[in-house]
Amino acid sequence: MERNSFLKLVKNYKAVFLDSYGVLKTHHGLIKGVENTLDLLRSQGIRFKILTNDASRSRQQQVEKFNELGLTGLTTEEIITSGTLARHFIEDKNLQGSIAYLGTDSAASYILQSGRKSISIKEVDLENCDDIAGFVFLDDEGFDWNTDINKTINLLRIKNIPVVVANSDKLYPVSFRDVAVGTGGIAKLVENILGRKFIHFGKPDSQMFVYAYNLLSPSQDFSKNDILMVGDTLQTDILGGNKFGLRTALVLTGNTSNRKADMLISSTGIIPDYICESITS
Amino acid sequence: MERNSFLKLVKNYKAVFLDSYGVLKTHHGLIKGVENTLDLLRSQGIRFKILTNDASRSRQQQVEKFNELGLTGLTTEEIITSGTLARHFIEDKNLQGSIAYLGTDSAASYILQSGRKSISIKEVDLENCDDIAGFVFLDDEGFDWNTDINKTINLLRIKNIPVVVANSDKLYPVSFRDVAVGTGGIAKLVENILGRKFIHFGKPDSQMFVYAYNLLSPSQDFSKNDILMVGDTLQTDILGGNKFGLRTALVLTGNTSNRKADMLISSTGIIPDYICESITS
Amino acid sequence: MERNSFLKLVKNYKAVFLDSYGVLKTHHGLIKGVENTLDLLRSQGIRFKILTNDASRSRQQQVEKFNELGLTGLTTEEIITSGTLARHFIEDKNLQGSIAYLGTDSAASYILQSGRKSISIKEVDLENCDDIAGFVFLDDEGFDWNTDINKTINLLRIKNIPVVVANSDKLYPVSFRDVAVGTGGIAKLVENILGRKFIHFGKPDSQMFVYAYNLLSPSQDFSKNDILMVGDTLQTDILGGNKFGLRTALVLTGNTSNRKADMLISSTGIIPDYICESITS
Amino acid sequence: MERNSFLKLVKNYKAVFLDSYGVLKTHHGLIKGVENTLDLLRSQGIRFKILTNDASRSRQQQVEKFNELGLTGLTTEEIITSGTLARHFIEDKNLQGSIAYLGTDSAASYILQSGRKSISIKEVDLENCDDIAGFVFLDDEGFDWNTDINKTINLLRIKNIPVVVANSDKLYPVSFRDVAVGTGGIAKLVENILGRKFIHFGKPDSQMFVYAYNLLSPSQDFSKNDILMVGDTLQTDILGGNKFGLRTALVLTGNTSNRKADMLISSTGIIPDYICESITS
């Protein structure tokens, strides 16, 4: 497929949805020039939202993290995480009882906030768990994999309760060479073993797109044709954007290298409308 | 799980989403008493939408079919089909070229309407298919399974184009004893063989819920908590409703029998908020 | 990976297992030079067996087909088909009753021979099928896809009987450009829809390797290290050979092109011990 | 299905293959009366082999473990483990270099014995792993799940080497209430994340049956019809036995309770030839 200039392309849209990792930043830090691109979007009145599969940090913590990296001026309203969605879901669900979780207490404190009783899987007593009314996979840290994955499986064998996966990514990058199993990978293992289906939040599922779209366009003044979804991963960003009915642009600064892009598009059948080197040119 | 009275339960909601087959009708015809239930909903100001995985009939044809069965007074606005969603998607996508399809010409005429060029897989010339820009799985009828499924596979090996599945149901009931493979089943076979992922419309995916919700509540005056999703199938109606954040009620007049309901809920982990015998009591 | 000369390599082995399609022949006919290779094997005392996923022809018919293509001198003992295995299995199983099948009557006559009662799905009466004690997926021809796949599904919903898939290949080539869904693809669709697991015969499953090995080496005078498995398909020939403990050689005359071989090996993790252009050099 | 007396049934066979956990013992210890059954088999000249998915103990350690439980008189020849098979496979494969493993050093010492260089994943240096020529999933203990599963994934991203799973069980019981993720479950997670297929040993795959059969009947004096496979798990023991062509008996002393047996047989389509309460009556 032909390569497009993002800076030219974006002028045809009223709004842009941007993936975070691989589009704005990598393990090296901020991708050089993204500040300028965001400034350009602002100056031209093109609105944007950052859509990221992440449940470990609140929107405020995301803003602060971008500040540290040198990208200032973002607002919490501009960042939508899969954790945000999981939090709304749990609030709406209004479960009577305590929510058990696999993950850090800090992730729990923002996702399960507002006075709700919650309990880390570490603290759960399997002999005495009548009060537990829901379960959330929050993060791949904050617990002991040696014992707490088994404990989760045993809890969910005893209790048939709603289970939420606050970030469906199976894998995430930790350095140029290394990756790590994410919350979504652990949840998949447990689903596989129990033969059940949990409720997953994050791209490519459409709740995040629905949420961002409603936030952008509460009185429906934007049509889907006005919005460009930009991402580095076919299976999440592009598949999700296509499915929601947005135009999609694949960038080559992250998961999908220039060398492999055409082969991956052809073998997966997930076809972006455009391919751009990066969002900076 | 305890059984609830639907007629009592529904009074707590401002709106209801109803599955069609197994909730309003079966292969025997209309379920006795559903007219009264719909009248009651209308008289109490509880709004409703019928959400059905079907791409073979337009909304107008659906209304006429219900009329024939004896359920009069429905409007096209009250019926949302997966075909409707596929049609909007294709319109929005604005593909340049012809759309090939597997299904009846009548389904094609309403889903691919509005002057767009379309061509049945039967008529496609694989030696000369440059013009084809998209493909839709519409229906399990209107083509020859012996040849046209293979032809579809060969077309999609040559052309890497967007592929839409207008009804994701793998199976549908045709009599008390018999079922038939649906469009979604054929699409799954082709996905499996090509190793690709198509864009599926229909429950449990959330586009239909998004669409119905926006139609019901254009100025967002209904919260999700105000809506009850009612269906007979855990994997589509209940999973989809749960995921979208609605309260869900399983009825026992269709796919899920009273005898098997608890076992299926426990083995799938898909948990309705309520179980009701039917919508008529 | 480095490319090897098959003719040099094979001298280190006492026996060779050869896939048929893509190794000995293609849709064009016999691959030029394979007669010489087989003559060479014979003259050097290297024994060989042809292992093919095929249930449509008996071993004798296979020999005749090779004769037609110009490869003479093969014996039925040198050809092992997945159909042979399915036949032995059904004989051993000694089911009391009739065997229903999806496929041609000619395939049925050799696989379900020896006086056993058998019945094509076309002839099955679903109202009166008490006598049916087993089911075999034989071939992708000999029935009407429009009706008989559904009929198979409905039969297997009524009767919980052993189901055998006599050729597990999901796809087979019919010309340079075109492929067709094979018996294994149809069986997979039915398994997927019913949520069951059938008994599949054919590479990569090991029964065919066991059978060939026992035939070659009844008094266990060959070790597995003495045998080279040669095939053009990673997922069947190479995976099956590796798993059975043979050395494996991928040839590039069929499914796996020279251009894609390294990429496919790396992405599937199925690693042949050797790669050869063909068996003729 | 009807229930059969094992003690009557077994008289029709020349040999029996017995699963271990759920047939001979449970988490409570030896199932009462199995000594008598084994004595009876011996006295009547019915030969038996114990086939178990286990890679954590050598055959000698298995014998000792049974001795501790009170079942004396077993020989190492009577016990076949998936670990035995993996060990033979690795020996035959003759990989040039070191084998990395996930599991205990004690399991490594018997599976990777005979002077072969091996290295625990704990000790692997990802910057310097040129020498590693194969990988084995041995056990769910002996490493730190928090770090070493990720390390395994990163190693296998760098090195495309043969990977063996020495016990394919995804789950195993640890008490009346609790289960734990087994080696097979961890391997499945890694396969899922890498998109690769490893070489799995253990029921239902047929290598263990081939091995036991050859051991029992080196001069092929037993036919498959002479052998009864006995197990408590449909997906491993019964599926594997059926597929290999043996008669199969499900016992109700383990995974499959009397209450659920018929439902599970019907929903999985895995059909034992017989159902027996236990091997003791």
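To keep things simple, chains are lettered A, B, C and D as they appear, and every chain counts its residues starting from 1.
Methods note: a residue touches a chain if its C-beta (ideal position, glycine included) is under 8 Å from a C-beta of that chain, and two chains touch if they have at least 3 such contacts.
Predicted model only: the values in this text are computed from it and were never measured.
Any chain that touches chain C and also touches chain D would be listed here, but there is none. The minimum number of touch steps linking chain B to chain D comes to 2.
We define each chain's centre as the mean of its Cα atoms; on that basis chain B and chain C are separated by 39 Å.
Averaged C-alpha coordinates give centres for chain A and chain C that are 44 Å from one another. Annotation: 28 Å between the Cα-based centres of chain A and chain B. Counting partners per residue, chain C has no residue that reaches two or more other chains.
For chain C in complex with chain B, the residues that touch the partner chain are 126, 144-146, 149-150, 153-154, 157-158, 170-171, 177-181, 185, 188-189, 192-193.
Residues 88-89, 92-94, 156, 160-163, 194-199, 205-207, 210, 214, 218-220, 223-225, 235, 239, 242-245, 265-271 of chain A are the ones that touch chain B when the two sit in their complex.
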